[in-house]
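What follows is a single structure, written as structure tokens, with notes after it.
Lettered A, B, C and D in written order, each chain numbered from 1.
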Amino acid sequence: MATVGFLGLGIMGKAMAANLVNAGFDVTVWNRNPEKCKELEALGARSAASPKEVAAHCDITFAMVSDPEAALDICQGENGVAAGIGEGRGYIDMSTVDDATSQTIAETITQAGGRFLEAPVSGTKKPAEDGTLIILAAGDKSLYDDATPAFDVMGKMAPFLGEVGQGANMKLVVNMMMGGMLSIFSEGMALGLKSGLTGDQILDVVSAGAIANPMFAGKGAMMLAENYSTSFPLKHMQKDMRLAVSLGDKLDLPLPTAATANESFKQALKAGFGDEDITAIYKVVK
Amino acid sequence: MATVGFLGLGIMGKAMAANLVNAGFDVTVWNRNPEKCKELEALGARSAASPKEVAAHCDITFAMVSDPEAALDICQGENGVAAGIGEGRGYIDMSTVDDATSQTIAETITQAGGRFLEAPVSGTKKPAEDGTLIILAAGDKSLYDDATPAFDVMGKMAPFLGEVGQGANMKLVVNMMMGGMLSIFSEGMALGLKSGLTGDQILDVVSAGAIANPMFAGKGAMMLAENYSTSFPLKHMQKDMRLAVSLGDKLDLPLPTAATANESFKQALKAGFGDEDITAIYKVVK
Amino acid sequence: MATVGFLGLGIMGKAMAANLVNAGFDVTVWNRNPEKCKELEALGARSAASPKEVAAHCDITFAMVSDPEAALDICQGENGVAAGIGEGRGYIDMSTVDDATSQTIAETITQAGGRFLEAPVSGTKKPAEDGTLIILAAGDKSLYDDATPAFDVMGKMAPFLGEVGQGANMKLVVNMMMGGMLSIFSEGMALGLKSGLTGDQILDVVSAGAIANPMFAGKGAMMLAENYSTSFPLKHMQKDMRLAVSLGDKLDLPLPTAATANESFKQALKAGFGDEDITAIYKVVK
Amino acid sequence: MATVGFLGLGIMGKAMAANLVNAGFDVTVWNRNPEKCKELEALGARSAASPKEVAAHCDITFAMVSDPEAALDICQGENGVAAGIGEGRGYIDMSTVDDATSQTIAETITQAGGRFLEAPVSGTKKPAEDGTLIILAAGDKSLYDDATPAFDVMGKMAPFLGEVGQGANMKLVVNMMMGGMLSIFSEGMALGLKSGLTGDQILDVVSAGAIANPMFAGKGAMMLAENYSTSFPLKHMQKDMRLAVSLGDKLDLPLPTAATANESFKQALKAGFGDEDITAIYKVVK
């Protein structure tokens, strides 16, 4: 079994790395704040002093950090991945970053002799813990094949989607659908309630039919309970809607429903709900 | 077990009546074209010469006809239900009609001494045959209670939603969500394909996540196969979207996503796809 | 010069009737509250006891009342216009009514032997006083020709638009453009101010270019002054936007920009601004 | 009177420079293709061998080139403006460029000791020739004051709008209004024609009322004549709509009408009308 590295032990990364350790992988971890490495060491992981050390030591190094700046830094910075990776080793960035950042990291790693895969995930804390993430992989196919056993541990599916950029595109497509669905669902709930139906009646009927889906069930109950505690921050959803509409723009593809739903998410941002859950769109619709 | 009548033996009505006969109900049927009654007679139903006769003979009479005009006619016409129903018998119209028609029928039946329930259904031919319709009942609660055994045979759920009109409102709410979802799904599919993903990749990822639902699975495969054979005509969906937006108008409730999706369905109507399946919206989006 | 009648002496009607008297027409007026007739009598008009009397006495009778119910009542009610009009006399309803009401009035008058013209106007109090209304006439062409001298007094233009219904359609077209323009203008003003420009800078630049128009100049200054005093109530504009979108619906014509602007006007209604001026849309946009 | 330079003698630049010469300014011109300088020399201008030479010789140098790349090149390139400008001289870029480009040029010039003004214009060939452009100036106020006599020759108004960036923002605001107006105007024209009115009737009524504006008069006649010959390419308008919506995004300002109109322009792009006039939006609306 390959030696694997894991950079970034936030809420997501910690759960993913733990799953790898528990599945028997030889795991070396690194985190900007080294305190967080201890929990993984307790499970049986080693830790290293820098991304460079991890990359130099492991066959495949995974990263899961919070934003493009951090992703660039652990790759290109002093003692970064590129400085250690050497010929043939693999680097898989699972962070959600924009297209330009992903391309820059891909070029940096490739020029350093390494192989690269972008692999943003769909799913939050719970699926990360349960190993049921959806992993959207794109880039070097040989690295994808080598990483499959690790993907099997971290996710429930990990399709290979083509060239670097296609993982990010798939994530935009899915999140755009998700945002549009939340917007029309909020409007439908509000319309039903205003016309005298109860929220439970609506959720029951929706959950019995062809449009039943886990998001409506989970988020619908939250909306009715006026519970907007954050699992997916609304401002991130709005950003994804905007990026999806921009992608349509580049491809000369009109996306009127997405563009309109995006404006509803912006209404929610303007009302100050950006840090609440995506369900907070309901507050400006109802 | 109550004696029940069934008026209207089209694709839907024939299947629903057959389920009632097969479940052991004493069923009397009527259809404008009496030829269609023979199949039901072969299963064990009786037939009668007019809606009036059916209503006079049965504890509860169901109707399932194709449009408001037919619904009004079998109720108010010469030899119609109102002429036969008498004190305390029940009439349940399961056709999809507009609010005004439903109110007129309710008043006509009530003034004739009968009890009335509107009960439009969600679901098409297959659920009608399988007895898995979603029945949206509203009106006389005592009649609802009496009809429950029959609803159990025809549908998988039949919530009681309140006063006459609430069944129709629920149907608009659900169909509005359905239309909005189809619109954003079409846009997402088109965006994914234009950005280089394959349709199968998109459907796989969608079907694995929180937004997975039977409609996307079924309709998505149809879209990819460019199969727009009609199970729910697009022009009917557009009509429901329009009525839902109008209902929002009456309630001073903005519905921007629904209004925009409605315009996309109108694009499809304008392009001549009104008689094709609702999936034909994809043809004007992609 | 023909004898003319005028029914309805509200803000608009009083000004229009006064202009006719002052231009030398022999005018007979009627108003539900007869007190209001005195001002016109002082100018030289006669008054009569009912719409029937006015119609029986005059070659052409004009009406300008506030809503469809009033328009129907003075035409069809006891002592209404239809009871007095007789063979060949003319009736011109300048009120803003829906299509069905206009058709009903047209039939009633025609069956009574009279000639009919619908002639809704574009313009409010000031143009009514100044005799600069835009009169949108449709119906009986011979009556239109006979009424031209009176139209010349009341308005600055009075095109003949065809069959009954076309006057109302033209009004919807113009008001739909007006509503859409107010919506995009509000968005542009809000965008400019948020990006650091001043309102005066924006109005100056707009007023110097190809999009300069009296509405932006007048309404723009009101918005900047946060003056939403009513000259055209927002709820009436929203009603017209809705009717225009519905007309598109009947004609299978998608109107996405109008439909979206309509939703913005509904946001303003929901916020409680229905009785304020149409400029109050700016309050929900900014 | 100050010595002025003019860089870029395309359709716009040639007309603007000629107006300066004719007004008595001492003008030195440069163009990438020196052939074009001859016409200006015939009027009395001098010509120079490079932007550097022009900038070194003149008190104020104006530039009017076609895109951001050209704008950057004549400023920063070898023998560019920055190499010649020296302490206190002024550079005024009247090209339409994005915000980042404008900021880069501003910094380059300032670091070279010069003063900078961005001054994009509203208006095309005819206003350039007639000296009736709208000049949207922002940046160094002292340079603005010095340039006022030249602005007076080239334009009918030249407000000072604040810091570098505000000129570009104003242009986006105005063009966003313009695009939204064209979209609702196209929808209104299509609705009127489909409902049986004639185009001339609609244009007449529009031109008589509060929404009358030069753009509707000019572009409306073109639409009716199915004349889409380009004076403002549709793809540039769509780009401006997109940038305006993005600016709203940055400022947390929902712009639903603009976003929807943008999608209609994208429909026209998708249909292949990007190089036709902005009026070609009508072809996808009607």
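Just so it is clear, a contact is a pair of C-beta atoms (placed from the backbone, for glycine too) under 8 Å apart; a residue touches a chain by one contact, two chains touch by 3 or more.
No experiment lies behind these values; they were computed from the predicted model shown.
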{"item": "Furthest chain, CA centroid comparison against chain D", "value": "B"}
{"item": "Rigid-body rotation angle, chain D and chain A, from Cα fit (steps of 5°)", "value": "180"}
{"item": "Centroid spacing, where centroids are CA-atom means, of chain B and chain C in whole angstrom", "value": "42"}
{"item": "Multi-chain contact sites of chain C, meaning residues that touch two or more partners", "value": "248, 253-256, 259-260, 263-264"}
{"item": "Chains grouped in pairs wherever the two touch, ordered by label", "value": "A-B, A-D, B-C, C-D"}
{"item": "Touch list for chain A against partner chain D, complex", "value": "242, 246, 248-249, 252-256, 259-260, 262-264, 266-267, 269-270"}
{"item": "Residue numbers on chain B that touch chain A, as the complex places them", "value": "122-123, 134, 136, 156-157, 159, 161-163, 166, 169-170, 172-174, 176-181, 183-185, 187-192, 194-197, 201-202, 204-206, 208-215, 218, 244, 247-248, 251, 253-261, 263-264, 285"}
